[in-house]
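Have a look at this one before I ask anything.
Every chain is named by a letter (A, B, C and D) in the order it is written, and numbering of its residues begins at 1.
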């Protein structure tokens, strides 16, 4: 079978690898669709991010849907050909954080396609994948592309849960890449009364509006667009910070009201923050990282039509053109999200 | 001008009263629509509830919309003929609870149409009404009937905020009167992944389903319908208890999972509760009472099409037939909510 | 070795039983002290409580301290003769509630000395006890009697954590048995600014004052003693309800301020509650049940001198007089807590 | 009467000013003691901080206790000579934040001794002071010096309340100036099980230990002293950040466990933060600013002996030596806090 393997910056290969044996409690899957994520792009463009560097070839990918091929001993509740969304979250279940109900902080996490540990954790972009049954969530009724969106949707659902209730709240979203736009979908679903989104690209802002933003602001053409929101110590209750860029965060902080919450989703390096404003307005800056139970929740919300991710996924390419998918995913002027089609899904 | 005055049980009169003077900061309104609420019905049917008894004639009503007639000195931001939703919440702003941000617990609250204090607080069912400008919320784009639903909607929004985040939660609603159905609308808007509703009437259950319940259960014909939800210590994360009836609450408690939340909205007298289950499952029973800021929030959510209350208001009668409206409102087999039309709204 | 076995109501026997084998990861303990708990008394006096009935002989006891005798394979960090507090909480670690970080709601909990499942879970009142190493908390520096108080202390610590911050809060404690008095100790430690305690016995109220209550009220001699606290909708932020008696709860609810919290610790059957007050004051009634991580926390707080339980444990009897200990524990006019001495601790 | 007036950097004068008239609802006070605060020092040393600059002479001071001299019309509950702690928090009571119960974010706050607005808000270091009765908290039983500590204590109580429950928590305090040491006192009172404090000075670390820190670390002599606390993703649940220095915050963040909370108390300018760690560990960085109700709470806790601030206030100088007090307050190698004695208190 074939897999998408990164060997170094700009060195992406579709290679043949061997199938793995199927154990008890596991399921053999035939991959349907796989989305290219920001961290995949980092490995492709730079060979890593921050201090994390590729030290051996690694299969990429952790946003995948698949069809059931074969059930291991003891597995029930699935049938051949069934579409499933595959959670890349594989916590150990026994470390102190797992036992506290915080599996996303597992000390032994084996998240797909990560070069953080060595040997690296191989990813999910392969035609055949062996998974634990608990990773599979029934996705009947969804397209393969929608099911593959369960992973980034889970990231934004998890962040949304970190914010407490959004009912009737005023929400600002800085950065309208996939995570920003999914944040808009989540905020609207969670009852936000007002959603304003900022970005530097008209293309992504158009999509933000299509996905529910009440107003979109192009900070490239109107750098002071948030100024109206700074009177009386600020306007917004909640900020989804999806840029990882200090200037975006600083401008947004001025528009947050006292006791406002910042959800930090954009992964950057060190950032210079206006601590005087954070202290004096008693803001609450909360990191949000990955997800666990939210993966299944997101699939349910999509199945019930309560969240519609289809506007985000117009670009799908066959496995043979995997590298083109990576290039498209990196071009924010034309694409939000690129997916790779592994089989006739 | 005319007003709807209750003199005692079953003694409802449409009477002529005099207009009041308009002071600074106030607005003179021409009433558009008024909804008959459960507490109005209690005064009509029983002359009061619990220890609260009518001791003098009282104008009923606190769910009203109106059109602006005349602005008092210093009032800006409104224009003649504009439709407004009128909040009946009139806290003092200075007592300890107001200063703590809990105006619904104001020690000097003057909520419309309440026989709790003496002299009674007169209600809003009158053709002309003088209000503080702060009570008026612009309702442009809504029908008069929708705008008059802002009050009961605010009750359920307030309860929903008492529950914290509902995103992805499993919700049970017991009792599908207006408060129950509005709770369903709020829970769906707030991101609930699963909503099950119970009642004894097919009519109201039909409306519950129309307003977003995933499943409805008729406890009259299927008394054990919740049994499936009691395995493994229970299924639901959250209960909106809208019956005020102990058997409904007890049955629902068995279907709540450990750490589940009960929002108590149904106003009953003393109730016998299964304290062993509440303690052993560590349930969290939270009273919810009235609202304040949620009134404007509800209007906004209706204006943006994020909550649609129109299925609840099919019965509207002219002022001359006010008593008929009270009779219809009391008949849960044919009506959810009856409204009175005060003018050509 | 000897064990304290209940055969039925008033049929308590000190019997000889055989030692168990020591497995890997386990520790063999020589019991030091054991406290008689309310549930032990229920089995002794009534053969059970509620629907829970003795159906076979059962070793009682779950409040114990012990000394290390022998370490099973792989156990480190303990040495012979070391005093340990023994947690009776034995969750499975793998069920849905354990994985959510709620081990006290474990679907397969094996809490010592419980007749809820059949076969019953045998208790800890035996001269020799085999436990998992994870159950043992180093109690160096404490007396055997203090270490045996770690269990009821953990119950009240868990309840205290259910209340959120107590810093500067006004606290009412109804019922000054061991759980009530330990609640006072916890509330004071957690920063309560004012603590008022009620009971019907001068003996227990004296102890309540000794343990930090600012004021004690004898409801037997002064039934209206809480009336002063009901003005302006109530005074207390928090109630530890430790009686399980409806009249105590009702009187206390009238003295709680809006948004006050009720921690329900007293295990009663069905209770009639003033739901009108709970709803209108938006009270928050929270069940609290057992504990897990709080067991070790309590030992630490005692070791550092931050909580002092010694005033509660004046009555200690040798194993041969076990039944006398049960009789003393039941007499609230002379004793707060009776403990049994298993060895020269 | 005399007042302490700052005219510019290093230009502090004890000047004669005129008394003010006493209005209804007010109290005339004779100042007893006044503490020199960090912001007073900023005005003295630098003529301001950040963008805030002295533009006219300003009376300094906001940490004061006083004795009642004369009651304005309508004031009851105070008597001549009574010692009171004087809250500098004077919110308007009517702006949106006051009405939401967030008076510390009042849009019209008149906090003593602030050059933020112009004309500046004059401070409280004057022999006679006219205040609203609501600013006065009875301090009977305290020394004048303790009563003057109510203000900084309120700052740390407010921060502590921002953290939720501390019961059984592991707390790190970076920076052992007055705010850091008061944080230790608050954390211990709130039930912290373990408190570690860091600073660069042996003098302040000694005081930290005296006030309840379990362990103190000198980061000047042992820069890696926190390394032991970074294993398994970190140790501490909560950080009081009292330095306002980025390196201290970064080192502390590495020692915080996932979901840990950072209370940001140190007021610095922009700070460079390790956002990757904040995001990946899902930390929660919360600003804390001033206080309101906590002022009275702190006085109560001191009166009951539940918090003892006396170790912090060994240096008291007469009014005539005010400038010396400022110099001592600035020297962290010999003093924690300097107070000025205005009268024979």
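Criterion: a contact is a pair of C-beta atoms (placed from the backbone, for glycine too) under 8 Å apart; a residue touches a chain by one contact, two chains touch by 3 or more.
The structure displayed is predicted, hence computed values, not measured ones.
S.K.: Is the C-beta contact count larger for B-C or for B-D?
M.R.: If we tally the C-beta pairs in contact for B-C and B-D, the bigger total goes to B-C.
S.K.: Same or different, please, for the chain C to chain D contact, judged on whether over half of the interface numbers appear on both copies.
M.R.: same
S.K.: Need the CA-centroid distance for the pair chain C / chain D, whole Å please.
M.R.: Here the centre of chain D sits 39 Å away from the centre of chain C.
S.K.: Could you work out how far the Cα centre of chain B sits from that of chain D, in whole Å?
M.R.: 45
S.K.: Give the residues of chain D that touch two or more other chains, as numbers and ranges in rising order.
M.R.: Those would be 102.
S.K.: Over in the complex, which chain A residues touch chain B? Could you list them?
M.R.: 157, 160-161, 163-168, 186, 188-191, 193-194, 214, 294, 297, 300-301, 304, 306
S.K.: Going by the contact rule at the top, pick out the chain A residues touching chain D in the complex.
M.R.: Touching chain D: residues 50, 96-97, 102, 104-105, 107, 162, 232-233, 244, 258-259, 264-265, 267-276, 278-289 of chain A.
S.K.: Could you list, by residue number, the parts of chain D that touch chain B in their complex?
M.R.: My answer: residues 93-94, 98-103.
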